[in-house]
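Right, one structure below, let's go through it.
Naming follows writing order (A, B, C and D), and every chain is counted from residue 1.
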Amino acid sequence: MTTHHFVATAFYNVIGTMPPALKIASGDTVVTRTLDAGGYDENDVQRASGPNPMNGPVFVDGAEPGDVLKVEILDMKPTRDTGFTRSVLAANVVDPEAARDLPRSEKMLWDIDRQAMTARLKEPVAGLERLVLPLSPMIGCFGVAPSLGQAISTATSGAYGGNMDYRVLGPGATIWFPVFAPGALFFLGDCHAVQGDGEIVGTGIETTFEVTVRLTVEKGRPISWPRAETADDIITIGNARPLDQALQHATTEMLNLLVADYGLTKEAASHLLGQVIRYDIGNVFDPAYTVACRVGKTWLPAR
Amino acid sequence: MTTHHFVATAFYNVIGTMPPALKIASGDTVVTRTLDAGGYDENDVQRASGPNPMNGPVFVDGAEPGDVLKVEILDMKPTRDTGFTRSVLAANVVDPEAARDLPRSEKMLWDIDRQAMTARLKEPVAGLERLVLPLSPMIGCFGVAPSLGQAISTATSGAYGGNMDYRVLGPGATIWFPVFAPGALFFLGDCHAVQGDGEIVGTGIETTFEVTVRLTVEKGRPISWPRAETADDIITIGNARPLDQALQHATTEMLNLLVADYGLTKEAASHLLGQVIRYDIGNVFDPAYTVACRVGKTWLPAR
Amino acid sequence: MTTHHFVATAFYNVIGTMPPALKIASGDTVVTRTLDAGGYDENDVQRASGPNPMNGPVFVDGAEPGDVLKVEILDMKPTRDTGFTRSVLAANVVDPEAARDLPRSEKMLWDIDRQAMTARLKEPVAGLERLVLPLSPMIGCFGVAPSLGQAISTATSGAYGGNMDYRVLGPGATIWFPVFAPGALFFLGDCHAVQGDGEIVGTGIETTFEVTVRLTVEKGRPISWPRAETADDIITIGNARPLDQALQHATTEMLNLLVADYGLTKEAASHLLGQVIRYDIGNVFDPAYTVACRVGKTWLPAR
Amino acid sequence: MTTHHFVATAFYNVIGTMPPALKIASGDTVVTRTLDAGGYDENDVQRASGPNPMNGPVFVDGAEPGDVLKVEILDMKPTRDTGFTRSVLAANVVDPEAARDLPRSEKMLWDIDRQAMTARLKEPVAGLERLVLPLSPMIGCFGVAPSLGQAISTATSGAYGGNMDYRVLGPGATIWFPVFAPGALFFLGDCHAVQGDGEIVGTGIETTFEVTVRLTVEKGRPISWPRAETADDIITIGNARPLDQALQHATTEMLNLLVADYGLTKEAASHLLGQVIRYDIGNVFDPAYTVACRVGKTWLPAR
């Protein structure tokens, strides 16, 4: 198993079937430094334009359509002392009439303390003088080339992953993507130091990271939507608008997972899900929203 | 402050402007025994028909339209050794094509151990032989008479509360309802021993409880949607279809709360919400869905 | 068959199980004068408050739950020389970001020429100096007492009818409502002189009318949603949010209608609907939206 | 002005920045023969795979991002004596519970009489023996390369056009697309002989056509969404899920059109739209739904 230090020199605003920037073996590890959502690097030099410029694609040997790409997020180190957010709730997350009375959104700067692993607003804001947030790094946008040779904006997401902006997808999490193209063609970028549910100001605290991921091809267990796992939970992810449809995708995928991986009938899976399921709203801002369906491992039968 | 032991003799399938079953002073406590969602009592005798027969209304002296009714859930004691659920995911929580392949839903029985405070399926189900769930009691349906003299089915919910099926609303939680009718006219029922997010099989573990609530009228701080508080969080609740709209109601109400109660500007409230908000999906089954917006008290400025 | 000249003296802002204002036999005709949506009468005297005060209820002898009430709209005569609209698109019908830039809505007056049967803005507006609209009267809000003894705001709608604001429901149209309460308890009001699809400024041209309807009880052909008929079309109506759900209700009801009334299989009904269906958006403003599904009679097989 | 007889030899299942198959001058006419949605040609030989293989792209000299491409549909001649539909309503257009009871969808054949310009089911179906539908040809999927160099599946649609499946877009209609890539890169295919609103069986009558379009670049009048015009109406088109959002896009674009092209204030545009607007549902089947907003030319002020 090799570790590749991948220095991206081109950045993409789409996820698609592009020429590989790096070829690796299944099981290899990739370390790479990402730009922020606006294309600025760790020295605050703009190296690409938005939205969400991606490092990649990484071609993983042996990955074929119908396979699954397992992505273990091993580490995320912040590489800059500042991040930015937008300053006002997105118009679509408040009542239509209330949207009229929102102020205009501007760019806000945050200081990131990489020793303490905390963030705070650069300029004092009345009432929030003491707000110090622990960093909770996550990858906002990552995934693999979608079906049909499509190339899709990094503003949005789908079955192939993309801009899911789901705060749980940070160090320690593993995520599985369905593979649609030879080599899978893995992309990542748009990392956040902190983000609330829904990404409702349209950003997390956007900054740059050194990200370490291990990429492994898995055969013989096809999936329809991204799946994930943390220390405590198994997770399925649906990306669509409206939230109702994203939730349907995530729930259907979890039902299928429980049937296929744990041998439950649909009724047994329903008994379990009905009483223990948890839903997370990844984002309710991007063109496709993200809903995750979580089940605590403590409730699962032996596989 | 008086404690009233209220024995309901009539049960309502609507929440509305009905003749008071009990009159109390603001700050009084009410102890009452509820039927299950199907109208069966603690002895499994059917005393009313569904949906969700309510105890009430309780007229709280001094409550006027524009006021707020504070409801502290002091205690919920299960009063029966069985509960029931439906056996299959609701058709609307899976992909439309997947709905075709769902089995028909039937009534499932659960045993409730009131000493251990746990529940398990009465009949063994393959793969779930070891599933023992800790009870986490909650009130599925409660609220106050809605505006305009309306009487609305206990299947649904709105600004006045109702069938929100939000699992956080159990012992230790406090909830505030906007008052629309003199005396507020408080109703409750439809309690669950356990329930996952979304109530996606269409039920929690439906059973009977002895519920203790303290009802207090608050003046001068009008609200538009139910608000709640637990040991850790402040919460606002939106009830509507689709989920997107329920989320808009909850988010707008939280924005208004932070501005009115904590003196934040909309920008400051946005900074806070953008990075720390949590969303819960109460139910995604009833005619109106429920989304809750939570903010950890640890992040709040002093009031 | 009797014709009743019904002079309403009380007006309701809910549709529900209220004491009958008039009792008639099945097949009788009712002539009644309605207030406008704000409660003003033909002399511009406020006689009730909004929203949408209703004349009724009319108890129709013999109507029982499970029956259907047929309502033939025989005539609508405008009774006032003015109507009003709101002046700006509703915030929910434009993009959330665009909602911010809408001006505030105000009340606009229109002159109604009852000889020419036309309407024009009372005050000249640049670019619309020549806009003269032919009257196309319709009943915005009508229906029967809903299930469970509910009383529901005339702002919204459901299976029982209500505030559907569907412009096709004017003179010459017939509509059928499912009956939920003895006597059906029919209400009507909120008539419009003109209205575009969607009622997207939140009003049609709101004014007063003398309305003539014939009410007939039909047995043995239960329906789930309002159905209608014009000279050219058969129609089913769904009321819900979002539009997607209203459309599902209307389409399901049309499928059921074609199977039950025309003996088609679901496949045959699908062949027909797939190629000839028309959808109308009744309103996209009220709490429940309205979508109608229309099929030209020319395409129907013999019954 | 040249007429190009364009014989496609490669077909695309995406709309994107592909190598031009034909280069033309602005104002030129293109005549081309399309495959059906499944990739079969006029001789029923499969020449490409689905979904919706496209002829194109056509590079129009002088078209630059920010311009508009005007597409006049001059003619559509059916080139085959058969078409196909799916046989059952899509699961997402009926109530979730009703979806369970739908039969499985199969491919149905229709005979097309190119003299009489009519279509009828190839095999008799009980109750539809006399159903003969007049052809009403339309282009299901057409548009220009989207922004950011994206390549997007011909199953869906967006601001760039795509699979809108809107039955009004046939001979005599003109449509305008916003240009995102040099040369515009125009694609077309997926033509239907007949289609109801919503494309609710998932197809129109899918067949092959010879299509004649005139393509003209327009400068200085940027648009955000496709716009169209027929003999009677001006039209704006929104593509998104759910229907509510598609409607918001179409309505916002019409508001902007009336302000920019007719000099109306937003209030005046609201007066007009509120009373005369018509909404059409293009499709409610594809990943993005299509809603069109129509205004009769008779109501428009002079430009």
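As a convention for this text, a contact is a pair of C-beta atoms (placed from the backbone, for glycine too) under 8 Å apart; a residue touches a chain by one contact, two chains touch by 3 or more.
Being a predicted model, the structure only gives us computed values, none of them experimental.
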Taking each chain's centre as the mean of its CA atoms, which one is farthest from the centre of chain A? C
Could you compare the number of C-beta pairs in contact for A-B with that for B-C and name the larger? A-B
Please compute the C-alpha centroid of chain B, do the same for chain D, then give the distance between them in whole Å. 47
Distance from the CA centroid of chain B to that of chain C, rounded to the nearest Å? 34
If I count partner chains per residue in chain D, which residues reach a count of at least 2? 92, 96, 102, 242, 244
Please output the residues of chain B touching chain A within their complex, sorted ascending. 85-89, 92-96, 98, 101-103, 108, 121, 125-131, 133, 194-201, 203-205, 242-244, 247-249, 251-252, 255, 262-281, 284, 289, 299, 301
Residues of chain A touching chain C in their complex? 90-92, 96-97, 99-100, 102, 242
In the complex formed with chain D, which residues of chain A make contact? 13-14, 16, 147-153, 240-242, 244-245
